[in-house]
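Order of writing sets the labels: A, B, C, D, E, F, G and H. Residues in every chain begin at 1.
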Amino acid sequence: MTTVFKIETQEGEKGFFHIFPALCKGCGLCIEKCPKKCIGWSKTLGVYGTPAVGADMAECIACGICQTVCPDTAIRIDRKEKNK
Amino acid sequence: MTLNPQMPKCWRVESKPHKFCPGCGHGLVLKALGEAIDELGIQDRVVFGCDIGCSLLTWDFFDVDTVQTHHGRTTPVITGLKRANPDAIGIAYMGDGGGYAIGSQHLVNAAARNEKITVILANNTNYGMTGGQMAPTTLPGQKTETSPYGRDAEDIGYPTQGPEMVAAIGQKGAYVARGTMANIRQLKGYFKKALQNQMDGTGFSFVEALASCPTNWRTNAKDTWNFVENEMSKYFAVGELKVPDQLKEV
Amino acid sequence: MTEKPIQGERKMFLTGNEVVAWAALAAKVDIMYGYPITPQNEIMHYWTRMAPKYGKKFLQTEDELSAGFTTIGGVLAGKKAFTATAGPGNTLMQEPISMAEMMRIPTVVVIQQRGGPSTATVIYSQQEVTMTTYGGNGEGFRVVYSTATHQELFDYTIKAFNTAWKYRFPTFVLGDGYQAKMRESLHIYDPEEKGIKLVEPTPTLSRPGQIGVNREPNHIRNTYNTEEELYQIVMGYAKEYAEISPEIIEFQEQDVDDAEIVIVSHGVVSRAALAATQELRKAGYKVGYFRPITLRPFPTERMRAVAANTKKLLVVESALGQLNKLVLNEIYGLTTPIETLLKPGVGVTSEEIVTRIKSLL
Amino acid sequence: MGKTAKIALAGEGGQGVQSVAEILAEAAYEEGREAIYIPNFGVEQRGGVSIAYLQISDQPIGSPKFQKADIVVALSDRAVIRTQRYVDERTTFVYDTSIEGVEEHLPKNAGRVFGIPAIEVSKTELHPRVFNIIIMGAVIRATEVVTLDEAKTAIEKKLGYKFDENPKLREMNYQALEAGIALVEKAL
Amino acid sequence: MTLNPQMPKCWRVESKPHKFCPGCGHGLVLKALGEAIDELGIQDRVVFGCDIGCSLLTWDFFDVDTVQTHHGRTTPVITGLKRANPDAIGIAYMGDGGGYAIGSQHLVNAAARNEKITVILANNTNYGMTGGQMAPTTLPGQKTETSPYGRDAEDIGYPTQGPEMVAAIGQKGAYVARGTMANIRQLKGYFKKALQNQMDGTGFSFVEALASCPTNWRTNAKDTWNFVENEMSKYFAVGELKVPDQLKEV
Amino acid sequence: MTEKPIQGERKMFLTGNEVVAWAALAAKVDIMYGYPITPQNEIMHYWTRMAPKYGKKFLQTEDELSAGFTTIGGVLAGKKAFTATAGPGNTLMQEPISMAEMMRIPTVVVIQQRGGPSTATVIYSQQEVTMTTYGGNGEGFRVVYSTATHQELFDYTIKAFNTAWKYRFPTFVLGDGYQAKMRESLHIYDPEEKGIKLVEPTPTLSRPGQIGVNREPNHIRNTYNTEEELYQIVMGYAKEYAEISPEIIEFQEQDVDDAEIVIVSHGVVSRAALAATQELRKAGYKVGYFRPITLRPFPTERMRAVAANTKKLLVVESALGQLNKLVLNEIYGLTTPIETLLKPGVGVTSEEIVTRIKSLL
Amino acid sequence: MTTVFKIETQEGEKGFFHIFPALCKGCGLCIEKCPKKCIGWSKTLGVYGTPAVGADMAECIACGICQTVCPDTAIRIDRKEKNK
Amino acid sequence: MGKTAKIALAGEGGQGVQSVAEILAEAAYEEGREAIYIPNFGVEQRGGVSIAYLQISDQPIGSPKFQKADIVVALSDRAVIRTQRYVDERTTFVYDTSIEGVEEHLPKNAGRVFGIPAIEVSKTELHPRVFNIIIMGAVIRATEVVTLDEAKTAIEKKLGYKFDENPKLREMNYQALEAGIALVEKAL
């Protein structure tokens, strides 16, 4: 990959919530699907000048659903390995 | 170490963010497709054809050979290519307008001839690209730009059952399924089978994917999901309609 | 399987549709796509009989739109592909050919003109000239060869594939129902043995290699976002088309130098025109004969010179002035009077032309 | 024969005029002469009159159709009517005498008009299947565009495979050819 | 007293004998249709549209208002007419090429929109008018002008199942059946229901009729019947596929 | 339900697509058939909103072929029916319109031209002139009105239905993407209140009465058996078309009498041409303006007179010479030099024209 | 009906077999379907100059099948009423 | 104003430039003047820059698009880039100062260029939803093509139904309009 997207990372107990603001279009699909309802609008603006998203990492269980449902691959979830 | 987005490898990163609207179902469908291509390791052999419709925005979406065709004509272009080069893995990607309206003769005849190609159709119950007119798949009562008072099913019928039609005309060896952006894992599985079926040379493959069009539906995220999961599913049953033997154990 | 379809040169007595099928084999065509329509059907009939013997393919499609678009698919795969149609099929074919024009896809289409408008007759006409040269929502970036004899049908069908693949403009061989159905003699031959180089096709899509390793993916498109982008594209094509035109243009003429009247015709009608010219010359009339072989690009320069050098033109065609319009488009500024003998949908005989010329002189 | 011989053959679907024309054209071609044969075709061919246009010449031939024929052969009532247009004062018009009430439709302007009982002869003396070969004989005699030998060779080429199965057929075809020639000779 | 032929009253006697070849199935299909029209007493209201195909030969076949349309386009012409004048009883008559190949988008979309018209399709397993090329309905192994070595079903599929396809996409209220010239009484019954369904305003009606083409099949009378009754029936099941409630008791 | 859509005259500020929908209502159109395509969509959007209120109908078809053929069906039923399309949809529309041409079916089609060839752009062009005037396998037996302003879009859409039903040639209103999408003011009105008689439609099929009793069945056809039959038909149409042309032809001109150069343009480009003419006249340049409103039939006589009377013509269009060809077809024999300003697929501004004219004088 | 077709009638025990030669195209479909195999080629020529058909009335049971299967309505069968 | 005022407004999809142009056009129309408003549209509108072309005049207007604008308002980075082509030495170019790194893309050849903090003001002082009305105020002040009153009437016409539901909105819109005017006045 030659194109590098700026990344914002939040860490929680279960894992990392990465957002690529340059990919986030602020559609909100992830917000609706988060089982913990822990995603919200962020201060960072997304590609269209609308707010990107961020997670409340106290709640996030790193289930990865938000990553799955994002049509723009703007979210990346990295789970912390259990044993580590 | 820089972390990269979890894009399918075959997505063309230079053209991202892609050109679809926020929350567009095409993005999700193509993520599932991209992952299917990656997992099958067929990037080099795929020829991707996109229709005119919002699918046209994928003309540089993948790092695979791609042809943006003409409205409704992706099926014959990919058919012609596959006939000329049977080693290629041909994917025809289109919307419900392109597949069930203007290109329906191509769809049913490719199915009838059991063309060894894979047709993927994003059903978003309207003509997205042209600004939200009624499609063959528009739901009864659904308001669109050309059914401003809601689709009157008595007058112009209930939504087209595409995979059901293709299955009825489909041949031995055909694979036919309907998936949804609401179940990406399943959808990817369907895509993999549809591509595998082509690679096996068994028959025609067709997958319809239920997809959102929040722009023309004028829905927020919540209503978007609701429409896909609760409204569309009333008329469009998700599942496999035709699975050739060799894919049954998969 | 891989035996050559034609060895050396052979005289044969064939229908025009057979000739086209032979020519396609001689041109090393890989695949034909088609939908039946009179009077073109026998091209497919002969092709489907012969092609499998030489490892060639055929696909009968669901309509002419599909025949055109599958042909495009075949060409994009890097194969020599063609289709054939007529009349209302040609009307539909304008949609795929517009795309081929836009995307510079070297499709070859053989047209056997029949009566129009619409279904009309299945027989004969020259009423598809405007559509074949300038049809669709484009600017006529095509090459159109109008043939008159079976020999030409053979020669120009072979040439059409070379022209298409060399310049990447959609190329037509424009015949008609008479040429399609009649039998006459011609020489068929292997072009390479005659020193005619066949342009090698190359794939646009589904090329060998590994993406990102030894090749890049190819992305080709049919749509542009802004007017200005499109303008650049179209003007670029126009420039290129103008530049290559002198290499492509062909015409035929006889006795024009001292002619007081020149008969302008094309295709099968030019046979009658030529016969009339010869007969009239024998009878002492100063008659000349001019025939554009390429209707697109048009032999403007020579047509102008001929027109400027004579006292009158007689345009003869089996249409209501379609060739005439092509002529008028190109010779503006001259004042040589133009007469016409226009017979939409019916054949023209040399007798008619002779009578007409005599009435004009 | 410097000039182009123009021939129109017309009959009902089953009467085989197209194969007569095709064989004659082949014969001329084999003699090294120029020949153009073009069938008529149209949407009504299902039940329509079938016309074959044939031109044979020593020079390249112009238009594949023509306005007036040197010889017209019409084998049914409708064929007689449909071929009127190809007749002028230089045309020889041949018709079958068994067509009922044909007289009133015969062209008034033809150079000469004569009837031959080809249908009758084929039914009674030979076999209905060789009717068209009788006609071929008649055309050969009336036009002299090809030699008898070349005609035989062309028939052999076209039907040889059938003759091999049933050699009597060859005999019958040759007889038919000669019967056709004789019919015209008698009529002339 | 002069006895007249037992022609349906709505046949146009001035154009008889009709223009079809000896033994052509179109004649039988149209006899059944003529009798159906007579028995329903609807001659004055019928608008008959014929396709290009041998069906074009019916442009003056009936003493009813008739339009000879364009290849594959009879369905939309009759659809348009019916939409504009709902009192008319619109019949679109076509061949398997016109209906299942070039006009298939119109057929499936008229079915999907539940157009209140009656489509009648003569399936003779080939393109009759153009001299016997392969059709979507050509049987496996059947030789035609464009399948000179016999249709290869592996390569280009098995014969198109038209009524099955129409039934799959057909709506509530649609009537779909396949009859045969080998059973004229039954065929007439199907036609009557198909027309009654239109008159009731219930839905789209479609009847395929198995029909002979001895000219292009190159069959004598015996083989013609054999082909219709024994060969075609292997692939094409005669019967009703969709019957709306109000016609069930008929 | 039966209330009049427009009472009296009203000034409004609308998009061109809205204007067309209003005009169709004003012309008492019964039914629209259509398939979506940019930039024509809003005609359908407005029609579907307004039509049901006045008992009018709409059918969205599966493609443009169907839109054209259902329109034919509607017309045969004796209803005023129309469709609207653009670009590749217009290419497809040539098939049904060829049939309408053959069978003299008074269909009305509104075209909002977009960029070509093929899908190209969804925006704007004047690249559908050749196709709209002479498309399909026919001889151009159509009427084509090229509009320039919203007022004309309204006026000529109404007129198109009258022309079609009076003369029974398919009739086009030729707009473009700019006209479709832009907003400007116009007066809408009820034509009958203004004394414009609306031609009454009559059914061809499904007529009232009892067959054999008080009416005969009607049999209409699209196919002929012989070349000669077809020739009679086509020549009959040609004669009729020529006879009625003087009644149909319309054009607009300004300052041509003493002009040293005349700008020839049509449609929306003629707005720029007119503005340029006015500006240049103010600056003392002897410039004239000529604009065919009917592209078919073409105002030949007047165009020739104007061309003969000036020193130079400048043909300006958003295409690669499609209007120019129409002009060349009609003014042969003259020697007035012709310059061109051809901008396929992009708009032309008065500034450009002014600059160009200045460079020519 | 203004057009009158010439008719040839054969009478048998069960009924009448009428043939309209001007309608018969000699396709032979009727011959094949006659349950009594009693139809054959006649001396009269049909519309295309090929033989029309006739019945052996000794065999004909006036079942009407030939009439039904004739695509050209060239045959008409009139049954004699039983009681008469 | 004898001359035609040519205005290009450009922004991202959600920024509402089309409705600004439409309202201005309506306002001019209501004042009895000639107005043409045409949006740009294309296949990339999904994620593309949205441009509105507006011309207001006392005379009939020629071409609906133009080569050079009297005033260009560009509200995003991409909008700044896309509108370069409409700029010449007579053009006033207005941009939003909150666009990051915009300076390098500003047209060099414009008659005058100035930034206004409209996004900022809408966010902090008013409400993001009236951002486009601020822009409208800015355009009115920069061009003086319509009067404040007419603009208000036009807004009322377009949004009146919303104001009826929530009268506070009307207030906010009027404030936004005046804020826009003020921003330009400050910048001039």
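Observations, loosely collected:
Basically, a residue touches a chain if its C-beta (ideal position, glycine included) is under 8 Å from a C-beta of that chain, and two chains touch if they have at least 3 such contacts.
Remember, it's a predicted structure, so these values are computed and weren't measured experimentally.
Chains that touch both chain E and chain H: B, C, F.
Separation between the centroids of chain B and chain G, computed from CA atoms only, is 59 Å. Spacing of chain B relative to chain H, judged by their CA centroids, is 39 angstrom. Averaging Cα coordinates per chain places chain D and chain H 84 Å apart.
For chain B, residues that reach two or more other chains under the stated contact definition are 17, 20-21, 24, 52, 56, 68, 70, 101-102, 104-105, 109, 129, 136, 156.
Residues of chain F in contact with two or more other chains: 38, 59, 62-63, 88, 95, 99, 118-119, 121, 123, 222-223, 225-226, 228, 347.
Chain contacts: chain A has residues 25, 48, 50 touching two or more partner chains.
Touching pairs of chains, sorted by label, consist of A-B, A-H, B-C, B-E, B-F, B-H, C-D, C-E, C-F, C-H, D-E, D-F, D-G, E-F, E-G, F-H.
Chain contact summary for the complex, chain A toward chain B: residues 1-5, 7, 9, 18, 20, 22-23, 25-29, 31-33, 47-48, 50, 67-69, 71-74, 76, 78. On the side of chain D, the complex with chain E involves touching residues 43-44, 46-48.
Touching chain C in their complex are the following residues of chain D: 22, 25-26, 29, 34-43, 60-68. The touching residues of chain F, when paired with chain B in their complex, are 34-38, 41, 44-45, 48-49, 52, 58-60, 62-64, 88, 118-119. Taken in their complex, chain E has these residues touching chain G: 2-7, 11, 13-14, 16-18, 20-28, 31, 181, 184-185, 214, 220-222, 224-225.
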